[in-house]
Amino acid sequence: MDIKKLKKILEGVSKGKVDVDDAVGKFKDLSYSDLGHTKIDNHREIRTGAPEVIFCMGKTVEQICNIVQHMLTKDTNILATRANREIYEAVTNVAPKAEYNEMARTIVIRKKPKDITETYIAVVTAGTSDMPVAEEAAITAEFLGNKVVRTFDVGVAGIHRLYNNIDLIRGARVIIVIAGMEGALSSVVGGLVDKPIIAVPTSVCYGANFSGLSALLGMLTTCANGISVVNIDNGFGAGYMASLINGL
Amino acid sequence: MDIKKLKKILEGVSKGKVDVDDAVGKFKDLSYSDLGHTKIDNHREIRTGAPEVIFCMGKTVEQICNIVQHMLTKDTNILATRANREIYEAVTNVAPKAEYNEMARTIVIRKKPKDITETYIAVVTAGTSDMPVAEEAAITAEFLGNKVVRTFDVGVAGIHRLYNNIDLIRGARVIIVIAGMEGALSSVVGGLVDKPIIAVPTSVCYGANFSGLSALLGMLTTCANGISVVNIDNGFGAGYMASLINGL
Amino acid sequence: MDIKKLKKILEGVSKGKVDVDDAVGKFKDLSYSDLGHTKIDNHREIRTGAPEVIFCMGKTVEQICNIVQHMLTKDTNILATRANREIYEAVTNVAPKAEYNEMARTIVIRKKPKDITETYIAVVTAGTSDMPVAEEAAITAEFLGNKVVRTFDVGVAGIHRLYNNIDLIRGARVIIVIAGMEGALSSVVGGLVDKPIIAVPTSVCYGANFSGLSALLGMLTTCANGISVVNIDNGFGAGYMASLINGL
Amino acid sequence: MDIKKLKKILEGVSKGKVDVDDAVGKFKDLSYSDLGHTKIDNHREIRTGAPEVIFCMGKTVEQICNIVQHMLTKDTNILATRANREIYEAVTNVAPKAEYNEMARTIVIRKKPKDITETYIAVVTAGTSDMPVAEEAAITAEFLGNKVVRTFDVGVAGIHRLYNNIDLIRGARVIIVIAGMEGALSSVVGGLVDKPIIAVPTSVCYGANFSGLSALLGMLTTCANGISVVNIDNGFGAGYMASLINGL
Amino acid sequence: MDIKKLKKILEGVSKGKVDVDDAVGKFKDLSYSDLGHTKIDNHREIRTGAPEVIFCMGKTVEQICNIVQHMLTKDTNILATRANREIYEAVTNVAPKAEYNEMARTIVIRKKPKDITETYIAVVTAGTSDMPVAEEAAITAEFLGNKVVRTFDVGVAGIHRLYNNIDLIRGARVIIVIAGMEGALSSVVGGLVDKPIIAVPTSVCYGANFSGLSALLGMLTTCANGISVVNIDNGFGAGYMASLINGL
Amino acid sequence: MDIKKLKKILEGVSKGKVDVDDAVGKFKDLSYSDLGHTKIDNHREIRTGAPEVIFCMGKTVEQICNIVQHMLTKDTNILATRANREIYEAVTNVAPKAEYNEMARTIVIRKKPKDITETYIAVVTAGTSDMPVAEEAAITAEFLGNKVVRTFDVGVAGIHRLYNNIDLIRGARVIIVIAGMEGALSSVVGGLVDKPIIAVPTSVCYGANFSGLSALLGMLTTCANGISVVNIDNGFGAGYMASLINGL
Amino acid sequence: MDIKKLKKILEGVSKGKVDVDDAVGKFKDLSYSDLGHTKIDNHREIRTGAPEVIFCMGKTVEQICNIVQHMLTKDTNILATRANREIYEAVTNVAPKAEYNEMARTIVIRKKPKDITETYIAVVTAGTSDMPVAEEAAITAEFLGNKVVRTFDVGVAGIHRLYNNIDLIRGARVIIVIAGMEGALSSVVGGLVDKPIIAVPTSVCYGANFSGLSALLGMLTTCANGISVVNIDNGFGAGYMASLINGL
Amino acid sequence: MDIKKLKKILEGVSKGKVDVDDAVGKFKDLSYSDLGHTKIDNHREIRTGAPEVIFCMGKTVEQICNIVQHMLTKDTNILATRANREIYEAVTNVAPKAEYNEMARTIVIRKKPKDITETYIAVVTAGTSDMPVAEEAAITAEFLGNKVVRTFDVGVAGIHRLYNNIDLIRGARVIIVIAGMEGALSSVVGGLVDKPIIAVPTSVCYGANFSGLSALLGMLTTCANGISVVNIDNGFGAGYMASLINGL
């Protein structure tokens, strides 16, 4: 908690406008809903500008449905990531309007419309196989209110495909570059644009890719500037980060 | 090269305003200066918004002085990173006004003033030992025209130090978080702010830090949102990325 | 074997109270039961304060049932870990009163009641997905006679959830912190309490988590004090260690 | 900050006994001293039971002396770890009574006597080469008010050396086991005692030890119970953890 | 794009023979076909001497069929690698003449005959288990117009098997050596021939092979000369590289 | 081929007793049988004292049956390792007398009796879960004509189980120690005996065992003497090595 | 040794033209010179087309001088790699005409001129810091009789530098691409040329480069075709391999 | 302690021939000498057949001299490994007859002659640079009473050097193979002999050797039989193991 807010409440208390127990409760009650297995962070949207997102990996179907049910009682849109079809089908029982994207493995439940930015985020992939990660990034960014432009399969082995799309990429306010194998695309794009790039290594490939390690190390040690990296296959993280930047 | 520029030159050639050989030369001559050992990328400022920076590691003192001498003939400010004192002293022979920052290991040569942004970049460290990386980041960002605010030694072992500075950090347009050991600071800050965070793992620590690997992996697998990561100890990369975002 | 016991038996032998062959047998017979595939360590409770626990991974169902059957002939409670439902069902044939916890993958067979400590162990998780490990830890500690308090899903991305539960955590005699991803929670808790913390990294996450490596390295290189670490996903080990400390 | 303290101050404010700005200042001022490069955590002793310790690695000699000078103005004992002789000599300029232990690389400055516990911590090493880490652990524990018993060079290659000292080890309230190479000693001790063991892997050895990795992994995957692990070569961490447990 | 081509088109434009928009279109249209998910690189054969090959891993069956359908409209032979039987069966719907090699996991569709070289490529394996990778290499090389000679199971544990086939191997213009486990075969062959060797590590083995790492590192650190290495299990890459060399 | 044999054949040729083409053929024909996919090393028994063993991993069922059929035409016993039940059933079609050991995953076909050594090999495991590897080692050694004594589940967590069996272990001419987790058993045994020890790390365990890496590194960095290590889970390799030593 | 040679000597022996002991001696004497510490492989030039090269790392200065002295008695040119200045100065005592290249760390002693190829090898680097490796490659290739063209500092961050030199690179018969950091240059060049590429990862960089691992993995997992890789920093290996290919 | 000895002493005690305290003392006193920093294992020769060896790495010069002084009072030969010249010179003060081998970094002090075996151990290296490890192995084996035959620099790049020495190698009772880089020599020798091989990986090489990892993994995953491995650069361990086998 920051000093300003503390002061304000203290002043309220000091002037008798705020009761002590109320003040104590204020922090406690507002902040999260406790479902036993999960403490839903209701404050997150106020604190970080976006609601808590449901990361399905490692949760039981029952837990996920519980969380969705609870969140439906709040006036907020819901995004669940890493959701398989079984989870989606269970969720439709509590949220019939839930939309599923098979490739991105996302569930979206919209309770209120969201304004879309005029500036856009470019989502660029090196290959066709990077699409699941790219779609997770794109849908996350769209969920958070961003216009997204997709440019897929422009990897460096046929670099003219990149050049022919470079104007579209340069027009973005922030660029997400997704690549497996050696992850070289982010370095090449980085040398051609003056916009921040969020690089996402993918685990597409075999052998010395070692589950995405080659792309991850390649993107981290890039010779180009203006590139930072999120976790392997973390389309959600890239979409979120890009949204924060686009929203500045 | 993008389609628009190509078209414009083609039109110039078509209308007889631009000679064929001139057109060919245009691309070739403008783009870089060839010193034999190094091809200085004169186009980089136009293309990416910032001049080429001299990364001293792995270059001989003689090569660095050559590059500086050549760049001095252009109307551009010069930044050299990873420069030790021996390099600095050699550089002063060709650039007497060069300024050295021992902690950051940077050399700056200013030929033209640069406007400073009103919004600022927060540079936050977990510990005192992260300062060399933090100073490299801060000086890079300042060199590129950004206002920078430093908040050092607010690591999670004494988290109230972070809370007492959180307003200053929240006031930034973009935040650089620098931490060694387990790199947990970026996750904690990430949960408290609504601004993009560039995380820099450092190799400060011993044992299972494995030269920065623990902090790197920790920052990549963060449970918080809005965080992306640059290479271990890469203060320059973080400062550059933050500058791009702050400049949007 | 320690000097004192050796001396006592030697004295018995010296005074003719103990026969030589008896003395030899004493050590041999008391110490373990040999089932061929397994040598059950009957001495372990005397030596280390707790009976041998059946670690099911890598054992055949038949071997596990053999071990249970043998242990049932002794006056001891039985705990089996890493047991799937198939194992549980086979065990109920020889021990109908066996209790199974699906999430923790534990089987418990109680032959004698056990006193419960007044002081308690806090089991704290960063996320919902850490629950299987947390339950293994909690059930192990309870099996060994400890009072356990669970606090789940208080990870650092929404750190106020931790603060609102900090009194409960501080009230414990020893704290188990379980976290995947970057494992930052143990460092944050470590900075807020004056009790020993057993940290358990989990393999929850993907990409650069590398099967729990990120959380493991993060917890080992913590900037906080009073934290030690057990193997990835090793809820049992944490529960056992915490029980030893709580029992002091 | 926990709810109880918040309530108490709020009540003070509510009753007019505490001024608002005072209340704000209370948290800010008490909590740390800001030296620019370092924020000394004055609250740490209250919060975690022990004062902040100076970790010298990565700090300049000047910074360390600054910190010592500041801490000397408080009524607290001072411990600095990973200090080489150059640092020690500089420190004696501001703290002439500083004591240096060359093997442990520690500096201790005592301003007030500290009661010593009756129960003791056993510090056990596998080999002679583990002594620097063992001494760091022992001196840390002694600094924090614990009685310490040292048993060195009882590694498993000559396991009778361990057996002959096992009574002394068993008599401890908590045991620190320090070993390099394969780190097997902690497993063997773990099978013989009913006390918690803090295991410290060391980087002593060559080849496939890979800077302590072999001992670290060995200690983490131990087949014995009641063992938890701190970072490679982290004698300080082990001494601190053991002190917390011994102080329960 | 290279200078010469640029000049030629510029001259065409300059002389009015080539229209500006045509010139622009020339580059764009010729270069690739955009299927949305995939941008087929039609230029690749001109640029690198071989058509784009379909790498099936990570692509959906539907995407692969789309690509095949599109490529069938061009006058080019088609090779798909890492194709399972399900993919093959779907492909036969759009290309009934497709040939499948189960061991190599390749699909070949021939639209025009290809001349076969007189010189040959030797494909040599250490063991029987390396055959899937060897067949992928051999079929790739044959697809690209090379004569291939196979010599399987001549690993160093029975080195006379190698000696008895060494003349055949020496007769090749370029040699592909495929080995798992320790990958020693490439070093031994390298000491006996004066031809370039492409070494392919395989993930055949268990334990400390770590998915091909042992063979990969062994081949990279070879004490013999004239050996370079492709990715683990990358038969295609080896066949392609060998074809390039054989075609010189 | 060694000098002596070369000389002998040369003399034969020189004296006209051996025809030139015969001499050439001698080496070629004797040495191996070429089945296309596999070159069976018929010389191996003469050269190394034991026939070639069929390693089933990575071979098709058809290839394995081919090899068995061919070997049946020679006067040699047959051992196949890493064979699953499907392979075994196929093999019984060509070799009805084949014996299968489910736990060891071995197939044995005996064509001639083999003398058994008087001295014995001790096969010792740390836990019950190490039995599949232990049985592979034991059966391999028995196949090669050695007497084998098994001592299972004597790991260091209950070290008296080891002590009570130490005479039996000491009586062996060579000892195989098999352990997963931290692999400490080999170090402890190594300190108690004067016989060579072959240590086999197993992949039994989870988390920081990293598929046997912890046990492998532990065994390699042992503080005891007289220990050497084979690949993770490589029971066959240990049995073979022990047989060579026992046969000296 | 191959069948043909064996036959020829056998025929000589058979016809009485070659004495048995002579035949034996022939193989033995011709093949290497034994200096005790080193067995110089005199056959290597016949067998592999190039003389043995002296790899200085790990050899004492005395051993190197011994080897040079011995090789000087043969009619062969001498190349020593990884030689520091101390070695060079010692070598000049036995070979006054030795030439040293400080950057490449090579010593060359020419006894007979060597024809230079008309076709050339292109040596291309991503950065200035890659020059030591590039010079080792270039000097090796030149020593072996190849024409070499150098193109340095054309890394992907300023990719137009590559495009402006692409004709020169395309004109080569074989291309060596040398890059540190993420090693992306080889993929980009691979997409633009139809010649075989030998990629050399360098250890230039810091942090997540992990001593060249990032560039190595990147080059191995390249999305482009026609690329194979040699060991990190192995300029010699690349020069040798390229020479073999250029000499076809 | 084993059952037989225990029985014998018990009988002595039972018959009144051995006093109880004497019996207790017997074990304690005989077993080791406690120097504080070091517990010299006097029993080791009885237990394992060889005296304790001084491993100098990580010990101070003073500690080493203490140990030597103490051991000189016993009737035993002394071997110290990993000793640099400074240590040697200090040791000559207490043991003037100490012999130093610079290459092997060993100190030997002979107090009693030792019989030499008739059978011999072959020490074989791949390269000249492996000599320090080879000499450590050879001197260890000689110290323990074995005849040793050295064959250096017969690596697989010039495999005829191996063939010309194969008779000498085959004549050994046990073979030590030492190799860096890819470590292929052990596999090749393994396929040619019927004697047990102890393989020693060395850290000679650079790049992807990763401090001996490539040779270590290569030797562990060998396709040949009858090979086991000791730690990287562990000449002592190999010499000791070979001595145990040769002494059977």
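First chain written, first letter: the chains are A, B, C, D, E, F, G and H, and each begins at residue 1.
Just so we're on the same page, a contact is a pair of C-beta atoms (placed from the backbone, for glycine too) under 8 Å apart; a residue touches a chain by one contact, two chains touch by 3 or more.
For clarity, every value in this text was computed on a predicted model and none was experimentally measured.
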Which neighbours do subunit D and subunit E have in common?
A, B, F, H
Report back the single chain whose CA centre is most distant from the CA centre of subunit D.
E
Which chain has its C-alpha centroid farthest away from the centroid of subunit B?
F
Indicate the whole-number Å distance between the mean C-alpha point of subunit A and the mean C-alpha point of subunit C.
37
Cα centre of subunit A to Cα centre of subunit D, whole Å, reads 40
Intercentroid distance (Cα basis), subunit C paired with subunit B, Å
49
Just the number, please: Cα centre separation of subunit E and subunit G in whole Å.
25
Subunit H residues touching 2+ other chains are 1, 3, 27-28, 127, 157-158, 164, 190-192, 205, 207-210, 216, 220-222, 225, 231-232
Which of the chains touch, listed as pairs?
A-B, A-C, A-D, A-E, A-G, B-C, B-D, B-E, B-G, C-D, C-F, C-H, D-F, D-H, E-F, E-G, E-H, F-G, F-H, G-H
Which bits of subunit F are touching subunit C when the two form their complex?
127-131, 152-154, 157-158, 160-161, 164, 180, 204-210
Please give the residue numbers of subunit C that touch subunit F in the complex, ascending.
1, 27-28, 31-32, 36-39, 41, 43-44, 52, 55, 57-59, 63, 201, 203, 211-212, 216, 231-234
Show me the residue ranges of subunit G that touch subunit F in the complex, using the header's touch definition.
3, 6-7, 10-11, 13-14, 16, 20, 23-24, 27-28
Quick check: in the complex, which residue numbers of subunit D touch subunit C?
1-4, 44, 47-50, 53, 163-164, 166-167, 170, 173-174, 190-196, 198, 216, 220-222, 225-232, 237-238, 240-241, 244-245, 248
In their shared complex, subunit E is touched by residues of subunit H numbered 126-127, 155-159, 181-184, 187-188, 190-192, 205, 207-210, 213-225
